[in-house]
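What follows is a group of structures, each given as structure tokens.
Here chain A shows up in two complexes: once beside chain B, once beside chain C.
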Partner chain A sequence: MAVVLVVDDAQFMRLRLNKLLTEAGYEVVEAANGAEALEKYAQRPADVVLMDITMPQMDGLTALKELRQRFPDAKVVMCSALGQQSAVLEAIKSGAKDFIVKPFQPDRVLQAVAKLVN
Partner chain B sequence: MGGIELSPEELELFLTESTEMVDTMEELLVTLETEGGSEAVAAIFRAAHTLKGGAATAGMENIARLTHALESLLDLVRSGERAVDADLVDALLEAVDVLRRCLAAVKEDGTDESVDVGGLAARLEALAQEPPGGTPGLSGRADGPSGQAAPASQGSTGTAAGEPVQEASRKDGSGKDESGKLARLSGQVAEGERVFRFIVDVEPDAAMPSIRLYQALMVFEEHGRVLQSNPTVKEIEETTADHTRLEALVVTAENPQDVQAALAEVSHLRQVSWEAVGGPSDKPDEGAGRGPAPGPAGAGGAPSRQGAGSSGPGRKPPGSGGDGPAAPSAAPMADTIRVSVRVLDRLMNLVGELVIDRTRLARLGHVDLQLQELQEELELVSGHLSRITAELQDTIMQARMVPLETLFRKFPRMVRDLARRLGKDVRFEILGEDTELDRAVIEQISDPLVHLIRNAVDHGLEPPQDRVAAGKSAQGLVRLSAYHQENNIYIEVADDGRGIDAERVKRTAVARGLLTADEAQQLHPAEALELLFLPGFSTAGQVTDVSGRGVGLDVVKKNIERVNGTVSIQSDPGRGTRFIIRLPLTLAIVQALLVNIRGTMFAVPLDSIVEILLVGGERVRMANGWPMVPVRDQVIPLVNPGDVWGAAFAAAWREDASNPVVVLRSGAGPLALAVDRLIGEQEIVIKTIDGMGGQVPGISGASILGDGSVALILDVTGFTKEVRRLGTAFRGHGGHFEKSA
Partner chain C sequence: MKVEHIQPFVSAAAVVLREELNLEVERGELWVAETDYTTREVTVLIAITGQLEGTVLYGTDEAMAVNIVYELTGERKVIYDDTCESAIAELGNVISGRAAVLFETQGIQCSISPPSVIRGRGTIISTVNITRLVIPLKTRLGELDIAVALRENR
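Up next is the complex of A and B:
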């Protein structure tokens, strides 16, 4: 079973993504910030990481760069809100494979995850 | 290149675009013959080229082979080495027909294998071998060598969006660069590398589309180098503008197909196409490629939708009810239509607004509110809702509208072939082809128009010698025109031929037993022409395979009435004939007058109402057994719905008061309908009534009104016909007006 690491400081978002992905047959691991994400990934490399951009402690961009540095194969989908275009662009330059924009449309989330899992 | 497994969406896109290319080629070929012009040649060449690229990419080998032969031949025409003459145009048109058959086969079986193109391809090749300049007449118009007509913008990224770049180096081995710009660029192209122009489109509703294009540029850089792009990396990085299309000149040592495939890793790309730019890339299967973005097809992102008209109310399955004349070529209308991204965006926005309303409404159920507050909130929401739904309706209607050009474009070819076969010289004019009409209506009027145009060429126009003898030009004129007036679209088919002799029509009608000699005598010439629309009437002296196929104008009339249209005829003996078709703008929604008859609500389409009157009860006069009412200087027949549908629907007619009357437009002159009450004007959505369609004469469907009640929709044509049918029964007594008469 493919593993998806959901990184978001909002518990509600984690909950929703967890439900969506679990129902689609993925195993979900959650992390509430960038530091925790790095820790969880080191314990168990996920097939896909869904990474929120705006988070306290360690934000998504920093976490992305660090993650890619330590694990060059990490496949990261950035989760952004509208209006974060420059941050998304920076993420893409820093090696994020894809991005999705809130509010999430479930099929787009699944599409993005499925694409990287395959 | 081996056949690629295409997804249904890809196949559909391939078919839609290829059909457009074939249509374009056909249209231009007819223009080419009549007007000549290097631009037309260049445009046909481009269409063939694009078609070839798509076919090769899709693995449709016969189409690729045929288009390749076409391209070679057209290249000679373009360079002035081969003249344009009727033989050439015949062969090219035949190629168009065979391409259509190929596309039909692809639609059926997913491959064009079943169509034999060998003979035709050989013929095209033979034509390319023929010595040039045999017929100077038309060749002079081909503009000689300057027929290259190379677009000035070649090789630059400023090329108009979607316009295929021409390759001047088509001919094997000629290998010349297409422009100075490319020559400069060529310094950057190493051995084994080639330059391709890629066009990448992002799905219209994708968020941050510019970043998708940025990702595409990253992919290009991985697989080669980007020489130029629009937008540039810098433009994407420094502005937040949304770009949805990328044009990039890419140098790569890889196959363009592989680069295209690599773009699959970028999400939400709608379509990727590529073309070789200059350089030795003339392998027939490597000219150009185009297709939906590889990888998972974006759900619902493509700007086309299935069978826009298929759910249109009132639309019956094709072929049902009467066998209309066949269309000139088996060119099925693509069952997808293009909708502008702007329209889709607007729809999306409006749906978003609706969602907000839904949330507001749902909230009302959970929140404790005073009645007063509740009322205010409800008022706000309903105001907003009504504005949004009105806009939604407008926008959807706009999306359903298709220019008549899509239908008209097939006629020049038909007229040309017909004229050639009949030995007539015909000038065919089309006016107003940009007039827009609901797609469902367009589909329904195709057969009637084919019939009327064939009639005009075959029966309307005299043979050239007769025309000259009558002091007219040898060349006859057939004019197809469309225009918009009030809530209707008018389409006219006019010819300057012999016209129709009303007396002869009368005699034929009498001979066929359609009316008595006495009745015929009393008919006004204009009314006599209406006889042509009666079933079983045909004035054609002989049956030809062109229009005398046993299908008369009655079928034309029936088809047009099926979409709530009317058809009428005017003729000036010796000068010509004109058929006028009046069509509603749309089938789905009509402006109607609501009237109440004995407690039942009826909706009368506004476009069939002449006027609304109050008539004093005492003013009804009996004439010839008919109740008649005076309307200004006219006296028109008055009908009570009770006479048609029975006493349960009889309007009360008060002799001592004013009675509301709706004057209906009908083929045989106005008819006054008595009603109980006039309610008002309203837009209604037509719902067909399942299982009772056509069973009650004069009722075409029903509509649900704002308060949830149902109104029956009056089918004015059917109603007046029924009145006429019952007419004789009324004579001698006044029906429901008896007392007042």
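Up next is the complex of A and C:
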């Protein structure tokens, strides 16, 4: 079973994504900020990481850069309300495989995850 | 505070509520807040920085937050809890993010802070010297007031 690491400081978003992905047959691991995501990924590398940008302690872009530096094969999809061009460009330049702007359509999330898992 | 600065938030709210919750929005009349007191049970506060600076407040009632959680997860909360609070905060975050993208299309760059939530009516939130314009939005799940207090910083 493929593992998806959901990183978002909003408990509600983790709940929604967990439900969506679990029902689609994925195993979900959750983290509430970038630092926790790095810790959880190091313990158990996920097949795909869904990463928010604005988070306390360590934001998503910093976590993305560190994750890709430590684990170059990490597949990260940014999932954020910050859809400005600068944020999208920085994420892609930093190695994100995809960028989903919230509010997300469930199918869009599932497609992005499935594409990377396969 | 320019009236046109509220429009991206209203447009963003209409899109987000329709895409997320399949909600149609009925826009009420614009008014100027006479006091600094919160008038709803729950208020989400987001700071705006950049070429526009100030505050946007999303006021609603606990029942709407409970209804949103039910619509999006199928989980019926008996009372307003942490999940409801997180949901309403995220709604404010997503609307503000979408509004920031709309400002960007107008050549205005701004950033949004993470949301803070204030519980209870009658809390004073001062926007200092910036006039606060309010527009109420009615939906089948409840009402959402958007109060915007912004000034240009170019």
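Remarks
Here is the rule we use: the second predicted complex is superposed on the first by the 116 of 118 C-alpha atoms of A that agree within 3 Å, B and C clash if a C-alpha of one lies under 4 Å from a C-alpha of the other, contacts with A are read in each partner's own complex, and residues count from 1 in each chain.
By definition in this document, contacts are C-beta pairs under 8 Å (C-beta built on N, C-alpha and C of every residue); 3 or more make two chains touch, one makes a residue touch a chain.
On a predicted model such as this, the values are computed, not experimentally measured, just so you know.
After overlaying the two complexes on the shared chain, residue contacts for A:A114 are found with chain B alone; chain C is out of touch.
By the touch criterion stated above, A:R16 is placed in contact with chain C alone, chain B being left untouched. In the superposed model, A:P103 makes contact with chain C only, not with chain B.
Once the two complexes are overlaid on the shared chain, A:P72 sits clear of chain B and of chain C alike.
In the superposition on chain A, contact of A:L82 is made with both chain B and chain C. Of the two partner chains placed by the overlay, only chain B lies in contact with A:I92; chain C stays clear of it.
More residues of chain A lie in contact with C than with the other chain of the pair chain B and chain C.
Once the two complexes are overlaid on the shared chain, A:G25 sits clear of chain B and of chain C alike. Residues 80, 82, 85-86, 101 of chain A lie in contact with chain B in one complex and with chain C in the other. By the touch criterion given at the top, residues 207-208, 210-211, 214-215, 218, 236-237, 240, 265-267, 295-296, 298-299 of chain B touch chain A in their complex. By the touch criterion given at the top, residues 16, 19-20, 69, 72-73, 82-83, 86-87, 89-90, 93-94, 96-98, 100-101, 104, 109, 111-114 of chain C touch chain A in their complex. Residue ranges on chain A touching chain C, taken from their complex, read 9-13, 15-16, 19, 54-56, 80-86, 101-103, 105.
Contact residues of chain A toward chain B in the complex are 80, 82, 85-86, 88-89, 92, 97-99, 101, 107, 111-112, 114-115.
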